[in-house]
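The same chain A turns up in both complexes below, where it pairs with chain B and then with chain C.
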Partner chain A sequence: MTVMLYATTAATLFALGLYAVLVRTGLIHRLLAANVMATAVFLFLILVSAENPEGVDAIPQAMVLTGIVIAVSLTAFALALLRYLQAADDEEDQTGSQDGRQNGPD
Partner chain B sequence: MIEPGFLLDLLLCLGLLGIAGSAVLSRGQFRATVLFMVFGLLMALTWARLQAPDLALAEAAIGAGLTGALLLNACKATYTRRQAGEAASQDDAPGTVFRLVAAGLSILLAAGLAWLMYSLTVADGPAAAMARSEGESHFLGNPVTVVLLDFRAYDTLLEMAVLLLALIGVHILIRHYRLPDLHPPAPVSPPMLTPLLTVATPLMLMAGLYLFWAGSQSPGGAFQSGALLAALGVLYRLTGRLVPTGTASPGLRLILVIGLALFSLFACAALIWSSAPLQYPETAAYSLVLLIEFALTLSIAATLLMLFSGSLGLARGQTS
Partner chain C sequence: MGLTELSILLPVLMVFGPLLLALLVFLAQWQRSADWLGMGLGLILLALLTPFSGAVLLEGPLEMQLGGHDRGLAIPFYVDGLTLAMLWLNTLLFLFIQVYAGAWLQLKQPAPAAEFRPLFLLLWSGLNALFLSGDLFNLYVTLEITTLAAVPLVILSHGHAAMAAAMRYLLFALVGSIIFLLGVALVYAQAGLLSLPLLQEQAEPHPALTVALLAMTAGVAMKAALFPVHAWLPEAHASAPSPASALLSALVAKAAAYLILRLWMGPLEAQWTPAMAQLMGALGAAGIIYASIQALRQTRLKRVIAYSTVAQLGYLLLLIPMASVLAWNGVIYHALTHGLAKAALFLAAGNLIMVLRDDSLRNLAGCDRVLSKNILVIGLAGVAIAGLPPTGGFIAKWWLISAALESGQWWWAVVIGLGGLLAAAYIFRILSYAFFSPDPHQETPIHQAQGQLTRALVWPPVILAFLAIALGMAGGLLAPFLEIAAPVTGAQA
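On to the complex of A and B.
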């Protein structure tokens, strides 16, 4: 019963993340949604580990621990990229508006 | 009659779904960030329920803590940008048809995945059986640490490489285009700040080092400990005790690479006493593990702190 509960949660979280990645246009929200998808995969792996009849399996746990650290480093890199993307956009806007002023009638 | 344990599981699952849904579908960036941090905390509880205390510790420190700090950083960047007079970029939302199609496909996917998961039977594979039988007589008591530092040490080695690579990527961006510092020192420091830090520093240091020390025998380890020490660094960075600099000092560079360097060195050196890399020697294996894990802890803490700081280097600031 508990297994089915967590399995349903993992499946729904994954689909929810995918839906948000598809329909959200804000990049931060997309990043969060991708993180939710990753968490759903982790949840499934740990569920498999916890439901092992022989006892808790340490290998998936170690894999997920590695995964969490990789996810945070990727999130950090993506957020840095995002900030620089915004800065580049701003710069483009400014030069664009200056050009417009120069070309317009005085 | 419903068992209390199942009721807790049910509440956790409903909470996870509700919080995740409102986080990714919410309007504002700040709102989404805070909800995502709550999601991380609920996830930590879920790991504890699923008999994974190592993960619960890591998720609480990394997933809910440091990711949250990084996301709040991004919120602040957007906020300062809007204040500077930049118009908030209005992205054009996709049409209703697209939304409906995406929702339909996602529901189908969820149903398919759930069906697959129900029909899965779990049993020990050859790797799990080996890990179980070998792990019982292993000199490290924590099965997760055994896998991380011995059986699948490759993964940990490459993970350190990924962590360093992410930092190098951020540093390339910083070198390419310098943005204003997100956390300029406040003109007036609140009076309770110094007492708070005086209390928090030894507590966090002790908890972090304890997690490192306990990691070989019980839940804990380099990642949890590194994340906690990085959080202490974030506190110092936010309060102006650490200020960003344009170049990384040699000491900082050393700390950033020492985990990966020492681990790689050990991988090569292992070929002297055995036929495979990353094999521990018969004698002094435990001290070697402690040494490597301590180096990993330092590197992880420094890397996470530098990822948060968004600067090439850090220096001691003036404490008024």
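On to the complex of A and C.
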């Protein structure tokens, strides 16, 4: 019974996150939605670990730990990038220049 | 040194050499000495790869457990013909791009040197680890390492366009990696295994594993920019600094596509039906046609080359419906030729931009006279991508078309032929701008500016383009290497 509850929660969270990633346009929204999806996968892995007939399985737990580290670093990087992007947008608004391509390709 | 020691030393050196160097360069803020160290490392790896390839050919696929744990628990490395081919491509490209990037960073003002070099080395390490990994979870981790090194490389161009493109790339990569991890979790929940060789031996057909395969494929496809989830690639690859564009197009996107082939051929091959294989092939074919037509419509050089990458990655998927030794060799050969030629194209484009300050196709007018070596590279590499004889692309397409006809699936042969024609069209379109437009540069600064291109900038793309052509004469020599432990059946090439 509890297994079903956890599994359904994980599936619902994953679906909600995926829906928001596809439908929302705001970058922060999409980033948060991706994190919700990641949480759903972690929940599923913990469930796999707990449901091992020979006692708690350590491998999925190790996977979740590594996964959290990766998700946090990617999110932090994305947030930093978002701030730079925002600053660049503001600068463009202030100067009112139409020339967004002053920095051509390299 | 015996072959056994070598086969342990080389994979470890390939992962940890660039990684330690990246840390050193970042902490000590070395600049020029980092280039020399990187080139030295590249040469050492290249020298060791030759006997290593021979050892793998003689002794069969190499399976190695780091840390000496049991099978299934440790961090396993797995080397077969496909891995070997990708390691060669990786080492060659990083060596040549290292030479180019060192000179490029010296000329570029302002140069993002302090950021570029550690990221470059980290990407090298991550890609080597990805190609060597024989375990689903390690593949997930190495995919993330390559993403975290590749996305910042795009931002180094500065400018709003580059940052917006990088953000889009990052979001695709982030969602893709979570979907991939879901697939990995499903495999572990069902089979209790993560090691690819063990999965190949033990996995029984099961619907959960099919779902897992589809989830992993969808996740990786977002990173490989396979049609229809390719939208982020052209802008990101076109706005990255040129040495980085070369790495991203020739290796990073291909590494993700490599992973799809790795999963479908071998570990999870019992999990898919012929109809699913046809669908994968159809996605590849749609990508070839659609992206080639898009490449024909671009007005900027780097965007043409970037769309060409989306098209060329589509060919790799054609292995799945054909699944024969001929197709296996053809697809690996295609990956090798495309890697060399695409890196050459982006490096040459970087040179042109350095002089012309802009990569509009219209600006290329008259460049055949003043920047002739760079235009030559575009011609040679383009011919290799289009697959005219005697290039590597020709051998690849020959094998692929033979495989298609052999398996009675003539429709793939049509797609391959059409893709070659379209590729020739978009390459010759670039050349026609360079050759047949009136020269507006009679007295313009371009004549003086071309003097600043040093030999280290001009020659790496030329050599890479010639290598892409020389591959066409080495088909018979290399085929036995590609076939090492090929997880497909059928006649040998």
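The criterion applied here is as follows: the second predicted complex is superposed on the first by the 96 of 106 C-alpha atoms of A that agree within 3 Å, B and C clash if a C-alpha of one lies under 4 Å from a C-alpha of the other, contacts with A are read in each partner's own complex, and residues count from 1 in each chain.
Keep this in mind: a residue touches a chain if its C-beta (ideal position, glycine included) is under 8 Å from a C-beta of that chain, and two chains touch if they have at least 3 such contacts.
No experiment lies behind these values; they were computed from the predicted model shown.
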Next on the checklist: Quick one: is A:32 in contact with chain B, with chain C, with both, or with neither? Answer first, second, both or neither.
Outcome noted: first
Item to check | Partner chain in contact with A:82 - chain B first, chain C second, else both or neither | outcome: both
Item to check | Winner by number of chain A residues touched, once chain B and chain C are compared | outcome: B
Checklist entry - First (chain B), second (chain C), both or neither: which does A:68 touch? => result first
Checklist entry - Touch check for A:4: first (chain B), second (chain C), both, or neither? => result first
Item to check | Touching partner for A:92 - first (chain B), second (chain C), both, neither | outcome: second
Checklist entry - Of the partners chain B and chain C, which touch A:41 in the superposed model: first, second, both, neither? => result second
Next on the checklist: Using the superposition on chain A as set up above, list the residues of chain A that contact both chain B and chain C.
Outcome noted: 14, 18, 44, 48, 59, 63, 66, 70-71, 73-75, 77, 81-82, 84, 88-89
Checklist entry - Once bound in the complex, which stretches of chain A touch chain B? => result 1-2, 4-20, 22-26, 28-29, 32-33, 35-36, 39, 42-44, 46-59, 61-66, 68-77, 79-84, 86-90, 93
Next on the checklist: For the complex, give me every residue of chain B touching chain A.
Outcome noted: 5-6, 9-10, 13, 16-17, 20-21, 23-26, 29, 32-33, 36, 39, 43, 46-47, 50-52, 54-55, 58-59, 62-63, 66-67, 70-71, 73-74, 77-78, 81, 86, 89, 91-94, 98-99, 102-103, 106-107, 109-114, 117-118, 120, 122-124, 127-129, 131-132, 135, 143-144, 146-148, 151-152, 155-156, 159, 162-163, 165-167, 169-170, 173, 176-177, 179, 221, 223, 300, 303-304, 307-308, 310
Item to check | Footprint of chain A on chain C - complex, ascending | outcome: 73, 108, 137, 140-141, 144, 147-148, 151-152, 155, 157-164, 166-167, 170-171, 173-175, 177-179, 181-182, 184-185, 188-189, 194, 238-242, 300, 302, 350, 353, 357-359
Item to check | Of all residues in chain A, those that touch chain C in their complex | outcome: 14, 18, 21, 27, 30-31, 34, 37-38, 41, 44-45, 48, 59-60, 63, 66-67, 70-71, 73-75, 77-78, 81-82, 84-85, 88-89, 92, 100-106
